[in-house]
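Presented below is the structure to which this report refers.
For reference, chains read A, B, C and D in written order, and residue numbers begin at 1 within each chain.
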Amino acid sequence: MVAQDVELELPQGVRHALIGPNGAGKTTLIDLMTGMLAPDAGRIVLGGEDITGLRPEARVRRGLARTFQINTLFPQLTALESVALAVLERDGHAHNWWRGLSRFATELDEAASILQSLNLQKGLHRLTRELAYGEQRLLEIALALATRPRVLLLDEPAAGVPKDESAELFAAIAGLSSALTVLFIEHDMDVVFRFASRIHVMVGGRILVQGTPDEIARDPRVREVYLGKAHRVPA
Amino acid sequence: MANANVKPLEVVFWLATLLPFVVTPNYLSLASQIAITALFALSLDLILGYAGIVSLGHAAFFGVGAYTAGLIAKHYWTEPLSGLLAAGVASGVLGYALSHIVVRFRHLALIMLTLGLGLLVHEAANSASALTGGADGLQGFRVPAVVGFKFDLYGTTAYAYALAVLFSCFLISRRIIHSPFGLALRGIRENATRMPAIGAPSRAHLRKVYTIAAVMAGIAGALLTHTTSTVSLETLSFGRSADVLVILILGGAGRLYGGIVGAIIYMVARDQFSGINPQYWYFWIGLLLVAVVMFLPNGILGGLAKFSRPRS
Amino acid sequence: MLASLAGVLFDGFAYGMLLFLLSVGLTVTLGMMNFVNLAHCSFAMVGGYATVTLMNKAGWPFLATLPMAFIAAGLLSIFLERTLYRRLYRASDLDQCLLTIGIVFISVAAFAWFFTSEQQSAPVPEYLRGSVQILGQSFATYRIFLIAVSLAITAVLVLLLERTRFGARVRAAVDNQRMARGLGIDVERTFMITFALGGGLAGLGGALAIQMVGLDPSFALAYLVYVLIVVAVGGLGSIGGSFAAAVLLGISDMAGKYYFPWLGAFLIYLVMVALLMWRPLGLFGKR
Amino acid sequence: MKTTWLAAALGAAALAAALPLHAQGTVRIGLVLTLSGQFADAGNQLDNGIKTYMKQHGDSVAGKKIEIIRKDTGGPAPDVAKRLSQELVVRDKVDILAGYVLTPNAMAAGDVSAEAKKFMVVMNAATSIVITKSPYMIRTSVVLPQVMETFGTWAATKGGLKQNYTMVTDYGPGHDAEAAFQTGFKGAGGTIVGSVRFPVANPDFSAFVQRAKDLAPQSIYIFIPGGAQPAALGKAFAERGIDLNKTKVLGSGETTAEAALKSMGDTALGIITAWHYDYKLDNKLNQAFVKEFYAMHGRNPDFFSIGGYDGMHAIYETLKKTKGNTDAEAMIAAAKGLKWDSPRGPMGIDPETRDVVQDVYIRRVQKVGGELVNVPFDRVPQVKDPAGERRKKQKS
């Protein structure tokens, strides 16, 4: 059993962190929420609407977007093309096969501004496979943002990104609009405690405990299972 | 961004397609069949090069188009342009129907499914011999002319007609590639798992491009019917599906011009080799294919692109 | 009616064995090594023509030529693997298609040049001709022989690949070349031997097929479709899958021709499409 | 814009035509055959027949040198056959079109012969309506109804058979043969107890033969194309052990061709076939032809070869009558009513239908000197194509 009777409440606009040892079922939970995997039982509700039966792309259109732990991007497309594609899919222009791409200025500009907000403007016209690894991680987020989500699920956004760059990455995440609900999986406790306002600890497919950073830091069960004995509460 | 504006090389290429009228007037019927095969390869490129669907049964649409045009010329009227549209619609309908099956599969299962569906259409045509004339081909019809220009032995009208239709379908394909829909297709080819994650209905896109490709393949089939006034089971055969796949890979898939360049080189080589050595020309064609794969990976255009300007 | 049902099942099974013999080599190369080797039936032709030459020119008995057919096709596949195939292991499967179709064309022309386009015949020894009466039902001797050879090959192959160290090495090298090299497996040599095994099996299949379906230079193109169907329906890389698919397709083709002949060639393609839609990865396919 | 294209083209065409016409003294023959692919052997054997004739009769006639340009269609491909024929006329300036192993290719090229007014000799394609495609066309091979309807009538009369079960390959010639045989057989009082059609690409016949054996009709009629199938059928017969004195097996000539007999072995004994040629026919002309053919090609001729051999003979005779003039009207007029002795026996070109008229041999497979041979034991002389005759009646 990978994820069992998980009760997860994501109130609007709050920054959530999902932590837990490897193999706790975190990514699986995200796959379940986004419809990549079909749950055996249980319901997924987004803004009051039951989306358990919807196909992944339909859930995205209702505002539930995600990034991938391992980059799943478009190697031969440029960064701008990738994000523009997401924007065009969102506002239904992707089925237009007779007007030239360049005629869709508003969508292209929006894509460029999203990339700019994640300071990727340098790599706008470069092929994705020629971008640096860190830039590709930011592009993952840009692609998710382009769908104008209400809930953004970030699967280890800073995985493989060196310490100094990950701080910059999370600063960009923090800078996202406050209306956006964000849930991110992260192993670096400094980052978790700095950016999350609610933390969910998952172990062996179950939610062990949920709470504010302070509650989690003091909770003995988390300490013993995950944080180890010598953890001290940050200043 | 793949810029949509016309490169000078493209203008030169299309002007060069007019040369056969003057330089090689005796090769116009061959040129017309190259143009028809190029259009057929272009339609395959839309689904293979741009959406990643490998098909070994694309001749099903070519043949349905050819037979539709033939049946219309035989039973109704012989004006070709309307016959062309009817053929496109007929193969488009078949394409849309089959697309619901095809888009649900990938890799070897997809290839073998398209092969199986192609062979089933071929068998259907053979057993419906009362309608299709079976293995002897459709008899008793003749398409005399197009917009007043007679089809004659020299093939002048045939080449002009085939070239005009190829050029217009090429423009449409070029527009598709540089449209948002074209971008979505390239997205599917680049990373099919990411597409649903950005809200893209991949299967709907694939069904649409498969239908468009079927229409174009049907038009190519109808062109052959009009220019040769013959239709036979061979238009639906596995051989024709395999040939057009070889032609596209030879030229280089996913480059819009791959099918056209592949058709020119493959058919001219076959014509010359079989002229010199009618029994064993297969040997030289085989050698050509092996040489291209060894020295020009990703086809002729792929190889040339690598040599001329390493992809930025 | 029952007697003929037994007859149809037997014939179908024997025909399935023929399809299995022709395609098991491809299950090894395409299935396990992920190399789209459309030239597989050209190796079968090499085996067939080796048998024909040895029997007609050198007067060898039929059974003695079978190992030679295996070796001839195996050697040729080693030569091709070392010169051409090796350089395309990481190429796109479309380029692999182009290379192998090119090889098919070359082989068709070469065999037409050396052996003319005439139908070859490999007269089978007396004791394999005619048919045997069992419980009043006549069974063709040659088909019984074919079934026996196929079952033997299946057993040897499954043991070789599933139970031996060599088998483990092959499966490891195929699943993950980098890791296999890390474990000190000589991946190059393993691939070469695997290819030789696939080619040799094709050669043997080609030699055994002459008696049933004849042999001429266009053999490589004519049977490519059937072989691909068996491998796809059976499932990539699964010997058992190919065996099951070959039997299923052989019997349904035979039953179709016997019970509803007007369905003709439709049936085998309908069965294939249905099976693929039900199990896209093939009966026992893993990926 | 369009007119400028065509103006340029016509100018170029005129330029090409002004090239010096090829030397006066040669007659060019465009030979369109299937020299590669599934029917390569048929194409090669036909070509070998032509080469044998030219070796025996030299390569010039009526003071003109004969030059042959060979083209390969690669199999049944009417669009390619039509284009190659057009190119032979337009580019290579041939005077005569010849060859055409398969019906669809012959039909497509018939249009070219009619439009370009070129004398055309069909040397194999056997479907009846082929001859109607051009007024300048003759045929020197065989017409399916000519043999099969005759065979059906013979089977129900002199053959003494009342019941028959037909088994044919499911394609053009197969359907024609089935219809012709049944017309002849029923016309002469026989009854058809059933019929079945094999798929074209059919590697294995055991199911069909088993079905026929279970029905155990008084006689079976078989029509299959040459190549691998007769051998495969022979093996199915051998394995099924059809009892030949209980069930009479009738077939087209191809069923017991040389290669088929070799693989069928003794089970072929007693099979009755009807055909217009066999390399074992014992007449002086045929023995000389077979000897020369074997010396040149290392194998025996078959009915494809005799089609090519007699095709060249018809061309030579026609050119002699027109004294080398290759105008199609003159040649077809000279060709109509031609009669000559061929290795297959007396034959000729029907003056009205321009189709081949020849004897049809009824043969039985027997062992002669340790070898399996189609021994002719009856003959229907100078048979015209009944389907052609019916067409003539409808027209008049």
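The rule we apply is simple: a residue touches a chain if its C-beta (ideal position, glycine included) is under 8 Å from a C-beta of that chain, and two chains touch if they have at least 3 such contacts.
From a predicted model like this one, the values you see are computed outputs, not experimental measurements.
Counted as hops between touching chains, the shortest connection from subunit B to subunit C is 1. The chain occupying the central position, as judged from C-alpha centroids, is B. Each chain's centre was taken as the mean of its CA atoms, and the one lying most distant from subunit A is D. Mean C-alpha position of subunit A lies 50 Å from that of subunit C.
The distance from the centre of subunit C to the centre of subunit D, each centre being the mean of the chain's C-alpha atoms, comes to 36 Å. Computed from the mean C-alpha positions, the centre of subunit A lies at a distance of 43 Å from the centre of subunit B.
Within subunit B, residues 123, 127, 279-282 each touch two or more of the remaining chains.
In subunit C, the residues that reach two or more other chains under the touch definition are 108-109, 112, 117, 264-265. Multi-chain contact residues of subunit D (touching two or more other chains) are listed as 36, 40, 44, 170, 199-200.
Pairwise chain contacts in this structure: A-B, B-C, B-D, C-D.
On the subunit C side of its complex with subunit D, the touching residues are 4, 7-8, 11, 15, 108-109, 112, 116-119, 121, 123, 129-131, 138, 140, 142-143, 211-218, 222, 253-255, 257-258, 261-262, 264-265.
Remark: subunit A residues 34-35, 55-57, 60-61, 65-66, 68, 72-78, 80-82, 84-86, 88-90, 93-102, 104, 125, 127, 143-144, 146-147 touch subunit B in the complex.
Contacts from subunit D toward subunit B in the complex involve residues 2, 5-6, 8-13, 15-16, 33, 35-36, 40, 44, 70-72, 74-80, 82-83, 86-87, 89-91, 103-104, 107-108, 111-112, 115-116, 127, 129, 170-173, 175, 199-200. Subunit B meets subunit D in the complex at residues 18, 21-23, 25-30, 33, 123, 126-127, 129, 134-137, 139, 142, 149, 152-156, 160, 224, 228-235, 239, 274-275, 278-282.
For subunit C in complex with subunit B, the residues that touch the partner chain are 30, 84, 87-88, 91-95, 97-99, 101-110, 112-113, 117, 225, 228-229, 231-233, 236, 264-266, 269-270, 272-273, 276-277, 280-282.
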